[in-house]
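What follows is subunit A paired twice: with subunit B in the first complex and subunit C in the second.
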Partner chain A sequence: MIDFGFQKAKSSTVNLDNVDMRLYYALAEKEPDIKRCMECGSCTAACTSGPFNGMSLRQVIHGLQRGTDVRQMVSGCMLCGKCSMVCPRGINTRHLLLTISRIYTK
Partner chain B sequence: MIADRIANGFSPFVIPFLLGMAFVIGYCIVGMVRIFLQLPGEDRKKFLVSLITPATIWKNVRDLFLDCLFHVKLWKRKALLGYMHSSIAFGWFMLIVLGHIEVALFLPHRLKTFYYPIFFNYFVAEEGRTLKGSVFFFLMDFFLLVVLSGIILAMIKRIRSRWFGMRRTTKLTAVDTIGLYSLWLIFPLRLLAEGFTAHISGGSFLTMPVNWVVQHVFSSPGFFDNNLHMLPTWWAYSIDLAVFMCVLPFSRYMHIPAEMMLIPLRNAGLKIRNARKGFAKAEVYSCPSCGVCIDACPMTVKKANVNYSTVYLNRQIRRGNEEKIEEIADKCLMCGKCSTVCQIGVQGPELRVAQRAVRKYAVPGDFSSVNTVPLTLSAGQGTGNVAYFAGCMTALTPGISRGVESLLKKSGVDYKFLDRDGGLCCGRPMLLAGRLKEANQIMAKNREIILSSGCDTLLVSCPICYKVFKENYDLEAAGVKVVHHSVYFESLASSGKLRIEHDLLNLVFHDPCELGRGSGIYEQPRNLLALAGNLVGAAQEKQMSICCGGSLGSLTLNFQQREDLTRNALKNLCADVPDIIVTACPLCRSTLRRYADRPVLDIAEVVDRFAVTGGLERSA
Partner chain C sequence: MIYQGKQKIWADYQKEIPDDHWYYVRSCIRQNFFPGSEKMFTKITREDLGLDMYENEHHTTCGGIAYHCDTIPQETVMTIVARQFALMTEAGYENYCCSCITSFGNYIETLESWHEFPELEARIREHLWKSCKREFNKPKYVAHTSDVIYKHRNEIAEKAKFRLVDKNTGEPLRGVEHIGCHYNKMFPSKGVGGAEYPYVLCGMIESWGGQVVDYPERRHCCGYGFRQYHIRANRGYSFANTHKKFESMEPYHPDFILTNCPGCPYFLDRWQYVTAETEGKTYGRNGYGIPVFTYEELASLVLGYDPWDIGLQLHQVAVEPFLDKIGIEYDPDAKYLGVNKKDIGRPSLPEHMVCF
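Right, the complex of A and B next:
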């Protein structure tokens, strides 16, 4: 192959048919609030832990919708509750995080 | 003279009473031993030592009289409510005590029988009038009248609870209802039974007229020649006592014996370590279901939330209804108002935290990756003995830290700002969620940062941080004094380092739960505000202040449900039409501001507006 000095970008397509959403659906049943999230990122902007360990509730919710493992990020939450103070959708984010911590089987 | 009327001193009607009494005493002894065994070894030792310490013995005796018999806390709340409870408790107690004294004085050889003091009038005959006898008969009738008046008030309270200062009362369970009616019946039956025998045993102003009435009602010739006819009333009295004692352990009346156990445990300084065992169990069983906590709970502005008050938590814990217990434990705001009004001191928030701590989380919190080095480094820089920790919540309301910094500069204090560029959470929200291990991790990291600053005063803006720094960080031992900014600026103002100009604005102070009920700071913020403006009152304030509704204590209350609580808190604060609502907590400030129709400011912001630079320098 001729080297043009650049490459084609890797596809960023997400095939939702192949995503394992079971955890997200199980969560949505317990916390219907999560469906109201519009991923504006206010929670992440306000987060106390974020600057120290990369915690981001927006990424957690996004990860659950894409079937990725979010356990490590969730474990960094300090439950300070600032995310629920700033959420424009009025989601009880603290309880959402506690439920996510409980929903994994092990 | 008073003498035995029945030669062998026995009648079969005492059997129900004896059985009931044996059951209750057996049940209580087993319960007490179980609670004692459930205490951790360290607490057990503490408890036993307290039982032989003179100071605690005196405190126990005093509390037993003031709390169990006189219900002092209820008297302070509402005299009629206090009278209702104490008349029944103290009156009944006196009837039992006087009964024993009577037996000891007149028939000392019968003291070993259990039932003589209770059924004294049945077993004796008055052979000659004596002053001593009359005095005792008078006293017995007097205290019976006291109890009866209390029972009549209790009946009225069922229909008109507002006359007793209670908007809502507890819903009774079926067993409670049986207990209630059998308790109400005990004393009229006693009056009737004693009325039937008063012409033989003697009586006073209450029993004698009853005797006269029954003699006339049952006036068949020779009716009273035969003493057997008085037996039905004595049987009824004894059976009713037995019914009451048999339902006692399963009803709210369990508080009568349980409180006698709770008071020494409490005075020994024990804390709740397990939501279901030991001290917590003593508290739960001591709950008389009086329902005072229902009106106190800020969540009950919505009718649906009545079921989440502490009285129902106690009931569900006794029933072992796990689903309901979890629900109630998670909903609470942890404002602590129920503990403040509770006459026996059930610690609602502590019970709930212990309950939350039982829960297992599949994903544990892990803060080992949190790098505190930059924070400790910046904390170590600069001079200044005062370290200012604004708290993470203050980051959402930067006006507070601006106000504090400005005031510190005005009063010439050399300080360093520990979390100007963000800091860790204090760990109390985690603690309130019952995740103690995670909270300890956060607290250890924060403690390291605070100590590396080398300060001797830690100035805090957030009452949530203040409480946890004071109680869980053990900073005083390391030579660091924790002080909330409202207290700090008050001391600066009173020592003249900060001069504040008075304005004519009307200010109302909202007590944050963690600062007021949580840490007992009520006066200093008010003194400080009185310098800046005209302090007006709220409808309910200080110990009775209403939570703003934003509390991190509640896990499950959602945004919409909190709105009603906030609006109710605002209504309470605006009773005297203030110009500005002042608080001392970033969380209260954000929450109240959401629905307020007038400015909501922190005390530092308000004072900063009126503070004049360098009071001392100016005068010098």
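Right, the complex of A and C next:
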């Protein structure tokens, strides 16, 4: 085999048919506001703990929609509530994070 | 939906293509990738179709490659385009016909920008006058060369010596078509069939006896993408794109791929070699690849031109199985003979793909 100095890039395709969305649907049932999120990232930009422990609510929501485990990231939230003050969609993000934690605890 | 409504919607996907009197400009990279294509285009249009296809040796690059690589400003590109239009005006033509898909997109983008921002056009006219004392009229019509072949596809079919039919079974050959992204994805109304139903290459395959095969990633980019390829570290993205297309078309067993862009045939052809040499996989039957043709090459083949005169020896994937299927005769020993039977040298052959 010849080494051309580059390799085929890994596919970033997301096959939604294979994504486990159960957690997201369970969350959406309890917190219908999550459907209003447009993933603008204002919450992440305002987050106090993000720069220290990688917490990003935008990534948490995106991860739930992709069926990935976001427990570690959620545990970094200090529940200061700054994110709920900047959300352009008026989502109670602090409550949303508490609900996510409760779902994981169950 | 009522019939008149359908007709109205479909009208948006139609393209008016003038009959004759073209000012022809070549592509920068096609000259190197598949030089036979442009030569055959001028030969077919002038000699077989009897068209007025004027060419001027003073034309230059359209600036498209540099533009899409983000290395020159758009106003510079527009001034280059304005100079091309000035050459056309000086030659007395109004229909502009370019060989390159990126040039086509570039010319349309420039004209649309001038239409939306007339002050920009005025500034470019000033730049052109200051730089080379030229003035120009905007072309009445801009076409890609595949539009011209598409327009005359039935005439070519009438003069054809071969049809895209398997001579042993009588079945039409299965072709997949790949349209260059800058042909109809930037300004859909400027391409035959728009972005949703591009028909420019399908029309040729069907007119010349073949069958068009659909597959899931049919409209996916070939992977060229300029910066993805020009920067070596990014070539994996280019390769991955092409790989995705081939994996998608493989189950449909196409006999050939038809393209209308300078980059697409090159990358669909050469990446098959890279796939074979890095993964040991080939997409054709019996260890061969799937031959990739430009529309000029396919037109030349059905018209009965010698495969080696149209430059098919410059393809990485062997074209001989395709020629055998149709029944086109060729001299295997003449494959690497150039003008006056001069030996042009033989390339080293790949290890994991059958080539000659």
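Assume the second predicted complex is superposed on the first by the 104 of 106 C-alpha atoms of A that agree within 3 Å, B and C clash if a C-alpha of one lies under 4 Å from a C-alpha of the other, contacts with A are read in each partner's own complex, and residues count from 1 in each chain.
Operating definition for what follows: a residue touches a chain if its C-beta (ideal position, glycine included) is under 8 Å from a C-beta of that chain, and two chains touch if they have at least 3 such contacts.
Since the model is a prediction, treat every value here as computed from it, not as a measurement.
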Should A:Ser11 be classified as contacting the first partner (subunit B), the second (subunit C), both, or neither? second
Quick one: name whichever of subunit B and subunit C touches more residues of subunit A. B
Answer with first, second, both or neither: which of subunit B and subunit C does A:Met21 touch in the superposed model? neither
Just subunit B (first), just subunit C (second), both, or neither: which does A:Cys80 touch? first
Let me test your reading of the model: by the given contact rule, A:Thr105 touches which partner, first (subunit B), second (subunit C), both or neither? first
Using the touch definition up top, name the residues of subunit C that touch subunit A in the complex. 232-233, 235-237, 239-240, 243-244, 274, 277-280
Can you name the residues of subunit B that touch subunit A in the complex? 330, 359-367, 369-371, 392-393, 395-396, 422-425, 427, 429-430, 433, 435, 442, 550, 552, 555-560, 587, 590-591
Mind listing the subunit A positions that touch subunit B in their complex? 33, 46, 48-49, 51-53, 71, 74-82, 84-87, 90-92, 94-95, 98, 100-106
Note: in the complex, subunit A contacts subunit C through residues 1-2, 4-11
